[in-house]
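Here's the structure, in structure tokens; my notes come after.
Think of it as A, B and C in the order they're written, each chain with its own count starting at 1.
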Amino acid sequence: MAKAATKKTKSNADDYLRMYRQMVRIRTFEDNANQLYLSAKMPGLTHMYSGEEAVAVGICEALTDDDRITSTHRGHGHCVAKGAEFKEMFCELLGKAEGYCRGKGGSMHIADQSHGNLGANAIVGGSMGIATGSALRAKLQGSDDVTVCFFGDGATAQGLWYEVMNMAALWKLPVIYACENNGYSEYTKTEEIAAGSIMARAEAFGIESHQVDGQDVLAVNELTQKLVARARKGEGPFFMELMTYRYHGHHVGDINREYYRSKDEEKDWKDNRDPIIRFRAYLVEQGIATEEEIEAMNAEIETDAAEAVAYAEKAPYPPANEVDMHVYAD
Amino acid sequence: MPRNETSGFRPHDVTMPQLGMAQDAGKIVSWLKAPGDAVSKGDALFEVETDKAVMEVEAPVDGFLTGVKYGEGDDVPVGHLIARISDTAEADAPDEDGDGDDAAPDEPDTGSTAANDALPEGHSVTMPQLGMAQDSGLLVNWLKAPGDKVAADDILFEVETDKSTMEVTAGRDGYLAATLAEAGEEVPVGDPVAIISAGEPEAPVARSVKDAAPPAPPVAVEDTAGEAAAEASRPSATPAPTGTDGRVLASPKVRRLALQDGLDLGLLVKAGHPQPFHVADLDTLRDLAATREAPAAQASAAGASRRLTATCATDGTRQFCAWAAERHGLTDAMAVLAGLAAASLGAGDGVTVAVEHVDASRTYAVPPGRGLSAVAESDEGPALILRDLRGTRLSGVDMGAEDAPVLTITDDGAGLSITLECAVAQLDAPGAIRLLTEFAGRMEQPLRHLL
Amino acid sequence: MREITLSQAVNEALAEEMRRDETVFILGEDVAEAGTPFKVLSGLVEEFGTDRVIDTPISEPGFVGLAVGAAMTGARPVVDLMFGDFIYLVMDQLCNQAAKQHYMSGGKLQVPMVLRTNMGATRRSAAQHSQSLQALVAHIPGLKVAMPSSAYEAKGLMKTAIRDNNPVVIFEDKLMYQDKAPVPEEEYLIPFGEANVKREGRDITLIATSSMVQVAEKAAVMLAKEGIEAEVIDPRTIVPLDEETLLESVKKTSRAIVIDEGHQSYGVTAEIASRLNEKVFYHLDAPVLRMGAMDVPVPFSPALEDLTVPTPEGVVENARKLCAGEMIHAA
């Protein structure tokens, strides 16, 4: 309550600029990660968040560091939005010792507990229990923090969600289920895997549900602020369906994807519904920032990212003696 | 077999090809070439039929089709030899057995087995293992010549390692059909040194180690110590034998303990003790070794004995005994000798030693340790006999094994000659060597005993 | 010393830890007023209320997932899984989520939770309520696995499990809930990774877990009458495993039988037997034998079910053979 109140006293301009900045940071991070991957400098498997920035930023800007989130395999955006630093993130992506998880998690398990990010999860829907458990803990311990559970439309097909929604609703847990509906469940159109309405599923448990334009950071942020405040008062849980779009394929290597979606469709989202372009125009139009200020901000972020990548590339790998470290906690 | 030695050409085998996954034979439908025909690489030789397909088999190289073994209509197992491509039209046929085991195309054909081919059939006598860290022995001299008739306990040759010389007996009655090393040559442990044939050899062989072909001759490995029991063909020098006729089944622990205690599990095998052997069988094994005295005495007549000799340049004991008597009141020289002998046995427990002079015989109990003052006379049966023949005319003995190992001391010029004789069951080869080496050392420099 | 049942011992352990640490709570099906079908938790809800003894819907993956999240954020949940057979339902939450969080986060996240469940056949509960699945979870790095063999162990191990900062799975033998054993009034903990030598002997080591400890002890009494002195060792936790005590015992006796109620193939017995083989091979005077449940789904019919579990008589017969040096499997 107190935290939400202080947030409102800040000037909107600062909040807006910070939201814009965070969205650009995510896009820039992903562009660099994509290049690292394509140039074979980054091992493994990675999933780009580009296009969905307004969702992560709109939600996380309504949260404090005490609030928790659980993330997904497409989790870089959540991590940046929740306050993570480029350097530790790139180190993690490259498997370096200075990464957030000392190189043991990588892209799909990046976690940043210092900002309340309980971690990305490589099992689709795998974190729904964790998020709800975090909310249960908050309720049992009389803590007013809220947990946001990010997941995609594909994860709505997992049975776990219905089990935990049932308990969250029964016990009025401070959890917000945030479904990032980007239209595709891996390589399949969502309409082919989801019967009926996704919103209706949450509503069936008596959970208040909202659908929102996931490309409109202000709309997302405004809705989230309201829901978070109510969740803190014990009015949760809530469900948000955020209509958004992923610019890349399911993962970086998913290049030839015309068999499941057209280039025209991708172009339309990028040209006409891009969350960053839209918000930038709004900021200029409202006189919150000039084009020059925005360009300067973009350039600064580019430089930050380039420096962080260079740092991570040179950073040492974890020593061999860490391989069996952290299996068990002391 | 005739070979074109200059060109290095050798016949190429033509075998039944594998044409399908579950096919084990093929039928020769027709021959397209006749024996003796010149063929070029790639020429179709014959047609083969399997379940569904007919295929032509081609010549693998240029040459002449020879040794055709199967005709049209014959079913031939996959991989079996059908014919050869030779460098002449007159080359020989494939082996009569036709089992295909000479048909492997990559089989090395060294042509160097001519010497081996000439080796007579028989039991081979191998270079014994005389020490734990020894991998060869020096053949000192032959005491029998190729073609000689030999008895099982006849000494064939003498072998020398660091410090000892050992005589190796024939191990069985027969004829010395082959000598495979010459005096002065080093022979790897376990390699054959001689072949004993049952019948008189037509052409006895005498060879040097250098002549030996890599493969061992096709004879059973026989106990180097000359076991009378021919059916138990296990080397007795290693505690856990792996004979040519199978493994000894024994638990890991009993193997370890037998190795530590220098016990030979082969004794249990010979005694027909049921396998697998366990730790509990060690008691039986020890009993076997101990109670084999009577059988050992008999066996010694049949050759199951060890005889080792050593020489000392000087005899240090006379001076030492005088010194011990004067300084320490140890006036019984026989007791001193008993102490030296017992310590040479290296047993942790006390040992009873009988010392025999020409005119006296006493038995002493020697407690553990090196102290000589505690050696006392005893009534017990000796574990070791020390026969002191210094000052007699005897220069050496060959008396065979007795109830306990016997160390015989004779004069040898200014020094001594010491012979150890024992039954195989009384001491294993390393134990016998250790005993004689230790004792000879003490006789030469008795002060060593006290260090 | 007073004697209490295994059920009472578990109940006491939970009550003591819940009084000591208010972040400890219980989550599961029918754990509150019902006190579980085995009545192990009876009375706890009266003392601690429904906020700390929480009845869940029949949603095993869901409530285990909740426990993982609660543990990651500062609570110490004790999850009650009504039957060990339901572990299959919660494998993702237990093995992909709970077991790996600490490692995947480079040591930043911890999951201090307890999953208490049960094992054991011969309760005529058939194939889906009788399994002993400890090997499944013992295979997963990051999980600890405790297997109490009496009320004393059940209490001491439970208290240690609750204080441990890792996910711990405790398998209680459902047939032992009413078995009594001496349990001190005063507080005690049983450290993980410390085997208990239940009986000393020189001839053969019987390594037994949970329900099989009683079987081994009975076998040892029978063997003693034949002059065979069996040493009985209860590892108490199979992860971590007190290898040292097991190895030292087998060095002494040269023979061992490993007995566990899980299926014999690819099981706990195989793991322990293999370690003995690797580490004390040259002290073995006989092959190490495994005795587990038969590799069949647990049958319902009592006549069949009783055939599937190791018995004292079976242990005696095998021990006798090993000590006599008989070949167990002809070559």
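The rule is simple: a contact is a pair of C-beta atoms (placed from the backbone, for glycine too) under 8 Å apart; a residue touches a chain by one contact, two chains touch by 3 or more.
For clarity, every value in this text was computed on a predicted model and none was experimentally measured.
For chain B, the chain with the farthest CA centroid is A. Geometrically, the chain at the heart of the complex, using CA-atom means, is C.
Mean C-alpha positions place chain A and chain B at a centre distance of 78 Å. With each centre defined as the average position of its C-alpha atoms, the distance from chain B to chain C rounds to 56 Å. The mean-CA centres of chain A and chain C are about 41 angstrom from one another, to the nearest whole unit. For chain B, residues touching at least two other chains: there are none.
Against chain C, the residues of chain B that register as touching in their complex are 249, 251-256, 276-281.
Chain A contributes residues 68, 70, 99-105, 109, 111, 113, 118-119, 121, 123, 126-138, 140-141, 147, 159-160, 163-164, 166-167, 170, 325-330 to its touches with chain C in the complex.
Residues of chain C that touch chain B in their complex: 254, 281-286, 325, 327, 331.
The residues of chain C lying in touch with chain A in their complex are 23, 25, 51-52, 56-57, 59, 61-75, 77, 92-93, 96-97, 101-110, 112, 141-142, 144, 165-166.
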